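Each of the next two complexes has subunit A plus one other chain: subunit B in the first, subunit C in the second.
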Partner chain A sequence: MFRHTPLRYAALVLLASAALFQAFTAQYFGLEILTEILILAMLVLALDMVAGFGGMVSLCHGALMGVGAYGYAVLSTTAGLTPPVAMGAAVAITAGLSWIIGAICSRSHGIYFIMATLAFGQMAYSYVFEAPIFGGDDGLGGIERLDLSVVGIDLNDTRTFALFCLVALAAMYGLAVVILRSGLGRSFSGVMHNEQRMRALGLTVWRVKADVFGLSGMIAGVAGVLAAQHIMYISPGLMAWTVSGEALVVVILGGLGTLVGPLVGAAVFVVLKHELSSLTTHWHLIVGVILIGVVMSRANGIFGFIEDFVAARSKSANTNPKAREGTKDA
Partner chain B sequence: MLETRNLDKSFGAVHVTRRVSLKLERGERRVILGPNGAGKTTLFNQLVGELTPDSGRVHLAGEDVTALPVAKRARQGLSRSYQKNTLFDGLTVEENLGLAAAIYTGNATRIWSDSLGKAEVREIVRDVANQVDLMPFLHAKVSEISYGVRRQLEVGVALATRPLVLLMDEPTSGVGPEMAKGFHDLLNNLPRDLTLLIIEHDMDLAFDVADTITVLNYGEVVFDGLPDAARGSDLLKEIYLGSWEDA
Partner chain C sequence: MITDLGFWTLQALNALQLSMLLFLLSVGLTVIFGLMHFVNLAHGALYALGAYFAASVAAMWGYWAALLLAPVAVAGVGVLLYSGFIQRMRKSGPMAQVLVTFGLIFVLLDMTRIVWGDLPLAIEVPAMLGGRLAVLGVEYPTYRVFIIVLGLVVLGGLAFVLGRTQIGAMIRAGVDNDEMAACLGINVERLFFCVFCVGCALAGLAGVVAAPLLSVSPDMSLQILIPTLIVIVIGGLCLLQRGVAGALLFGFVQTFGAVLAPQLSSVLIYALLAAVLVIKPVGLFPAKG
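For the complex of A and B:
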């Protein structure tokens, strides 16, 4: 069950402030990095919903983001739909597909679930790679951004688009919180804790898993639509399993099952990637070492480590009378 | 209310239940006795649908539920507690009860509202917490309460689905004599229209709570009758003294 703690609120305020500061002060390259972080943050938020709160470790979320991106691209270019309609349709298609994948895979657990989702992701990747309608390995270009000029907003401006992505991420975060704190979210969490008992109490477990997986896919679909609009070009590489793997790395790096942690993880990962790749082409090695360090430290990612540290400090302050007296004296 | 007809179940060459037929009336409290390996838990698993019988039927409130999955049987009023606690450890007592109550009230799959905030869910949680003496622990996490209180919660979670029939697999398993006595009172105070089927090794509890007693041995019903008759049964004594082969 997801709970907001003061530390999580503080982290959210800090992250939002940093993003706003960057959005209003950075130049073109900095804004591009910010947008990349925000889109990745949305994808890992979707993944954390199912992996962190339901134990559904998915290796198809990258492909789901790709479905959103390709859906938007094809519907807005080839099919000629207006961007708002194409966006809505692409997100709905991704959510529907995700629900079906969730319903099918919900009967498997652990490594089998991971492999089943990987298979779905690879099927989508292979199909897009070969299908002429999706541009094959050349990908699709000429993708337009949403036109908000009627309300005086120009999303073709890099700064405005970064702010738009920030607002979208905030909305998706709010949606994720509402879902996880709802009856459905509580049941989902109950299933992760004890699936057999939830079934024995009368819950249709597969349906709950499929519903949350579908909603998570919907958020991944929104990330995909934004990714397509960001680069204005998409290729099958967006759907490769490595994208899903990278998203999982980011969730673990940030803190599985915290919602806030993966946002931190996304920021750290993208900044590290850009900083390290300017120093060496083997930047993955360094990120790998950092990930191993995080996993071996037995902390729940960077944010989990901070939460544990703050909890330990507060416990020690509460149980040490001398420290309390010292605080009073001070 | 609950009826089984010739339930048979084998695992390979081992025949675990043999033609088990039981009939429980509404509000009846029946205790199933039998030594370890007698097939009691396997029988429970078949009743709730966690195991499929090789042959035989299960009827709940007059309806054949043999082909129904676990969740559907539960929604029709068949609930169970387990011999080993199967609780939601990271959650509070209130949340544990709330999960079950939300399923019963149809709030477990709502997206836009918190099930624990619903008046009907809160009412069931409070009711059940009163029934099984959990009010003082409502806001404690499962990891923070004692083993005995967890056993109470185990029963409470099953009760929060407002069942017609409650199956309890050794509710006093692992608790001390004093707490076991508390369990007698707890079970005796449950609503009289609730049908109870209890697996129990504690003879005192069995004779204190039961309207009827069924004895299983090697998967077979060897006794079915009133507690007084069971108390005087040489067969029962022999089974518990381990000399069944000679009987």
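For the complex of A and C:
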């Protein structure tokens, strides 16, 4: 189950203040990067929810984000719905779709689960790539942002939109914490640790998995809607499996199953990407080397490493060095 | 069009040729997964490396030298990968293996871009295989016939080695129960190593063979990866027979789907994969551990 440790609170406060500082001081390019980080952070938050707490390592979250983005784009332009209704409908469609995917894939495990989700993600990708209603490989343009002029907020301003994304990310983080702490979230973690025992306790395992997967897809859908509004143009490249793979890389770099770690990972990844791509066109090479290094070091990503380090330090400070082998707190 | 027999023969040959290419790729991955329970996503990158080596060798000594040397070179890269990463990742879970080999894709992809540049390379089809051949009443490019024949030869060779020789019996024993095989005095580690190298060489061979058909470009490793994985899951991670079945199923569904229902063709193959996983959630050949 997910718990907030003082370290996690500290990291959250640090991240939030860094984001606010950036949002109020940065110029156009800095704000664009901030928004990119916030949207990626929301996607990896959704992925960490299912991968870190339920062992459902999904390779279709990029596609789910794409469903949210395309849903919003088509509903708000072609179907002519107002942005708030289109947003709600797009998120609901994404949630429903990911619930169905979760229900179908709930019986697969390990590499087969990865493959099954990959199949569904690629199915959505190929469909969007071919279908004329979604603009095919040309993508869709002319997407409007949410109009909040009623309350005096202009989202077409870059700074305001970045702050809007920050608020949305905070809300989604809170939602993820609430879900993981609820009875549903606890059952979900139980299923990861021992599926048979949970079944013996009378739990409908597939329902639990599908429900959490649907909720996670919903968060990915929100990320998609924001991504569509951010760039105001979408292309099928948003749904390719490499996007999901990259999201998984970010989760691993940050720290699987820590919820805070992936947020750190998203910030590090986007900044690294921009810094490295200005130095060399081969930034993937460096990201690949870092990924291999992190996985082979057996540390749980950047944040997991810090957590382990702090835990080891506080333990050796608190206890008698000779009786160091106490029970380990999670 | 639909009633013309020649049309059907032509498409069947196309499907067969695609199947054979995928078979060459997937058989290496299948055996590596079946024997070592190791998920090697970088297999597609080895295929791309094979194509690049072939492009370089073919420019110097011609196609036939490339056909011989490139698989050997790819097997050499496989040795490096095995001793550097894979040996250490053997005992980790599938998740860590997927991630490390995903990182390897990034690294290998950019290394090929550094060495060979971003522009696609082309390989000439050797003069001997350049023309067309009358097969079953249709004109068909000789080179594609060559691919089909090569695939069948490799299939036959592997079937003989796996089914009729002592090494094959040892490999089958290792796939079935590696601990028991080790108890019977088989050096399972060395066997794994050899099988891994052969798998890499086959991926390289597939790269060489595919190079004249497609242009040799950096992203060919990503393009081929998904079809290969689909073949493996559809066919099941068993040894030869099912790998062939998966490759044939993929080749025919893909080719005939593209011809008969162009709107659905790209979705069709993923729907097939999803259907297989719904019916058999653990794949057709459950992995241990």
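The rule is simple: the second predicted complex is superposed on the first by the 319 of 330 C-alpha atoms of A that agree within 3 Å, B and C clash if a C-alpha of one lies under 4 Å from a C-alpha of the other, contacts with A are read in each partner's own complex, and residues count from 1 in each chain.
By our rule, contacts are C-beta pairs under 8 Å (C-beta built on N, C-alpha and C of every residue); 3 or more make two chains touch, one makes a residue touch a chain.
Since we're looking at a predicted model, the values are computed, not measured.
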Mind working out whether A:I133 is in touch with subunit B, subunit C, both or neither, as first, second, both or neither? neither
With both complexes overlaid on chain A, does A:M198 touch subunit B (first), subunit C (second), both or neither? first
Just to be sure I read the superposition right, which of the two partners does A:G288 touch: subunit B = first, subunit C = second, or both, or neither? second
Is A:R207 contacted by the first partner subunit B, the second partner subunit C, both or neither? first
Give the label of whichever partner, subunit B or subunit C, reaches more residues of subunit A. C
After the superposition on A, what does A:G183 contact: first (subunit B), second (subunit C), both or neither? first
Touch check for A:H109: first (subunit B), second (subunit C), both, or neither? second
Let me test your reading of the model: by the given contact rule, A:A79 touches which partner, first (subunit B), second (subunit C), both or neither? neither
Which residues of subunit A are in contact with subunit B in one complex and with subunit C in the other? none
Could you pull out which subunit A residues touch subunit B in their complex? 1, 178-179, 181-184, 186-187, 189-190, 193-194, 196-205, 207-208, 211, 215
Write out the stretch or stretches of subunit B touching subunit A in their complex. 48, 50, 69-72, 74-75, 79-80, 82, 86-91, 95, 98-100, 102-104, 107-116, 118, 157-158, 161
In their shared complex, subunit C is touched by residues of subunit A numbered 57, 104-105, 107-112, 114-116, 118-120, 122-123, 126-127, 129-130, 241-242, 245, 248-249, 252, 281-282, 284-285, 287-292, 295-296
Could you pull out which subunit C residues touch subunit A in their complex? 39, 85, 88-89, 93-96, 98-100, 102-107, 109-111, 113-114, 222, 226, 229-230, 233, 263, 266-267, 270-271, 273-274, 277-278, 281-283, 287
